[in-house]
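Chain naming follows the written order as A, B and C, and within any one chain the residues start at number 1.
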Amino acid sequence: MLRFLLKRALGAVLTLFTVSVLTFGMFFALPRDPVSGMCPKNCDPQRLERVRQELGLRDPLVDQYANYLKGIVAGRDLGGAQGGRCDAPCLGWSYVNNEAVTDTLARVLPVTVSIVVPAAIGWLLLGVGLGMVSALRPGSWWDRAAIGFSLTGASVPLYVVGAVLLLVFVYTLRWLPVPAYTPLATDPLRWAGGLVLAWCSLAFLYSAIYARLFRAQLLETLSEDFVRTARAKGLSNTRVYGKHALRAAIAPVVTVAGLDVGAALGGTVITETTFGLPGLGRAAVDAVRAGDLPMIMATVLVAAVFVVLANLLVDLLYAAIDPRVRLG
Amino acid sequence: MTAGEPLLRVRGLTKHFPVRGGLLRAVDGLDFEVRAGETLGLVGESGCGKSTTARLLVRLLEPTGGRIEFAGQDISRAGRRALRPLRPQMQIIFQDPYASLNPRHTAGQIIAMPLQVNRITPPDGIRARVRELMELVGLDPEHDNRYPHEFSGGQRQRVGIARALATGPRLVVADEPVSALDVSVQAQVVNLLRRLQRELGLAFVLISHDLAVVRHFCQRIAVMYLGRIVEIGDRDDICRRPQHPYTRALLSAVPDVARRDRAGRVRLTGEVPSPLDPPSGCRFRTRCPSARERCAVQEPALIRRDGGNQATACHFPAGASA
Amino acid sequence: MDGTLRTGTGDPIPAGRTVGRSPGRLAWMRLRRDRTALVSAAVLVLFVLVALAAPLIEAAYGIGPHDQFQRRLDGFGMPLGHAGGVSGEHFFGLEPGLGRDIFIRLVYGLRTSFFVACTAAVLSTLIGAALGGLAGYLGGWLDAVVSWLTDLTLAMPFLIVALALTPTLALRFYGQRDEVPPSFGVGVLIAIFAVFGWTSTARLVRGQVIALREREFVAAARASGAGLGHLLVRQLLPNTWAPILVSFSFAVPQFVTGEAALSFIGVGLTEPTPSFGRMIYQSLDYLQTDPAFVLFPGGTLVALVFAFNLFGDALRDALDPRSAR
């Protein structure tokens, strides 16, 4: 078990390292000069030169990368214009926001988490519920309705759903305020009111996928021998479904859910753009638009960390449930 | 090649599979020869290494040790390139007529495959050769554009046989060619193989757990137990005067109306020991009715007695001690 | 039974020459019996025809995608008339602001979307099938490398990387002030989709190939001396085309929405090229004042993706391996 854990963790670190190298290479090595990309218009040459100096763009690329890594692991001193000392997980200084990148992250991450976590609970419950209803009565009207719902959900782009929700509930009916972020601790009601549309649109999209997945899994499980055996033993339907089939069918759903949540935490770009919420995805878009290189690097890395962590977590969960995984 | 030279010569052939918890000794030191046009039957219970042997002989697997010589050439370590000119001369027929035919190819494509892979163009073209082969194995040549799922099990096996014969091989290894078929069809396929063997003068290694099939088909028989040959010899010798207790047990398990019960039935008890951890000394001793102390200590060699063609690996063979 | 039975063969052989029914043919027959599949396929064919015939439609319609009709807008730039200026002349009304015809822009947007999505789907499927097939068949270190590449690709946040990479690449190949040709944007988009989209196909094909490689028909080909190319292309891949086809049919709508999503967040295709996503993005500003502008592009996109998904589902049912053999 320990060996398996170690192997997995090592793989995760290697993946993250490669992501950071790739991102670094992409944004620092590819273009002729990232700084001129940072401020496309109205930049005086002296300011450009100063930024180049402070970013260390005159150093060899490998040194730059080593410095960057060192900043993440041990912290480093940035120039005076960049706020001086930058502590341990130092991701650099954003000239656009005029603050350390980690400070920006600390501001935007709670927003994304507030969007994703409740939405994930919603889509899991809804998706599994719908999938179950349609799998238990395959071919019935329930089943058809659920399939129709999930196909629609899978077909309508998030921004269209968001736009329609906004139009109906905010602009026409005026039941909800214009989406905005209020910290949960400040005012739970306003927190929920400002995010509920984002939750709904995400839940609509994802629950559709989960309903399809879970329906297929459950139908397959129900046709397997051990379920037939359980039935033949005379177990009631409730017990057959509850005790045997559901448990076997839910495992793949958990896997996919883990990965989806990880990916969503890495930036619900479309949702945040549609509803104008200041989360990680929005910050990434802004960073790209403004050419804010340290911020772009940071958002890509944080997103990758979420995905890799989710992957690791799912692997561990699986290994805990199914000992065969550890051997393979 | 002179008449006395064997087509296939196997010396000390071993195949070990590294598995979790040790080394699986699937094949552990085989010695035998097959002359051109000769039929050798390899019998034994399931798990004794027969199928591994089949795959080793046509070099689908690389042996762990020992030598395989085909037509005087050592092929035990040969790579794909070195094997290329020999491949058309040695072919294999598989057990499962469902898994051994590509479901996406027509019968014609399947039979033509070895020709195309080896870039052989028969004098009248590939299509004519395929039709000829289909007729040879008793299939309607008009069915060459049918897919495997449209054939019965016996017909599929005929397609597999036709494929093996496509390149005109000198040696055919048949791995349980009939055991997946209905009993009523088995006899037909065995008879077909026998006819083909005679008409085409093929050397045959027939692998089966069914001694009745092997006895019907083969001139010589080798009996395998746990990765080793325990007895080998001419069919009549093996069947009439089995010396190894395992051979006797196998023979007495074959229902045979013609056989007069001479020595009574020998029943085997217990399970085949794991090839992960074979017994010391003689591998059969754990189930042998006449095992003694020496059997646990010393491994019996496969030796000929009384100058005949029959070799037995037993310290106390039936002919000698009883 | 005229002369079809040969002596010595007891297997019944039906008389007469019949054309073999390949597994693909059987799937096709199942598909033809499926009403949902027929309807969604018809809708898709219609979309494809519209996209292909865009210049013809333009000629018949009499309005080009870049023609502006400022006279039909009011003082605030909003189209005159009902539902965003829908009329016999402008089927879907006019864009607020520039006053371009929405219908013909949708027709051309469809063309762009199809081109980008289909090319990207073909590329990503090819990459995925090749990598998955090799990894599955050869196993060992190659398999480890491919699955690590898969993990890596999945760990890169697609939208952010695409967002960041597109202008960077443009900067790399064209100067700060150079005009970037539209074809470059299309090419970058396709490349990004292909690089990020191959993982699911690879995973699928790998699994299939692992299940198939121990089958005896593969051993038979190897025993005949077949090389890696023959084994993969002739023996293994023909048995995986069902899942490949299904994943292709799901990849196309995914890339259609992906293109729209990228245009939506401001990268992807730039202005002269008509694009679904950018139209929708622009329309969101007029959500209150001109909802019809949201409805037409959004509705068309949903109809297109819906048809694709329905067809993909039907295709999967028709090709279901459990009903095969």
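In this text, a contact is a pair of C-beta atoms (placed from the backbone, for glycine too) under 8 Å apart; a residue touches a chain by one contact, two chains touch by 3 or more.
These numbers come from a predicted model, not from an experiment.
If each chain is a node and each touching pair an edge, is that a line, ring, star, complete or other?
Chain contacts: open path, no cycle.
Which chain lies at the heart of the structure, taking centres as C-alpha averages?
That would be chain C.
Calculate how many whole Å lie between the centre of chain A and the centre of chain C, each centre taken as the average of the chain's C-alpha atoms.
For chain A versus chain C, the centre distance works out to 24 Å.
Where the CA atoms of chain A average out and where those of chain B average out, how many Å apart are those spots?
58
Averaging over Cα atoms per chain, report the distance between chain B and chain C in Å.
51
Using the touch definition up top, name the residues of chain C that touch chain B in the complex.
So the residues of chain C in touch with chain B come to 4, 6, 8-13, 16-24, 215-217, 219-227, 230, 234-235, 238-239, 324-325.
Touching chain C in the complex: which residues of chain A?
By the definition above, chain A touches chain C via 11, 14-16, 18-19, 22-23, 26-27, 30-32, 36-37, 40, 151-152, 154-160, 163, 166-167, 171, 259, 263, 266-267, 269-270, 273-274, 281, 284-285, 288-289, 291, 296, 299-300, 303-304, 307-308, 311.
Using the touch rule from the top, collect the residues of chain C that touch chain A in their complex.
Residues in contact with chain A: 148, 151-152, 154-157, 159-161, 163-165, 167-169, 171-172, 176, 253, 257, 260-261, 264-267, 280-281, 283-284, 287-288, 291, 294, 298, 301-302, 305-306, 308-310, 313.
Inside the complex, what are the residues of chain B that reach chain C?
Residues of chain B touching chain C: 55, 58-60, 80, 83-84, 87-88, 90-92, 94-96, 99-107, 110, 113-114, 117-118, 135, 138-140, 142-143, 145-147, 149-150, 152, 154-155, 158, 160, 163, 167, 184-185, 188, 191-192, 195.
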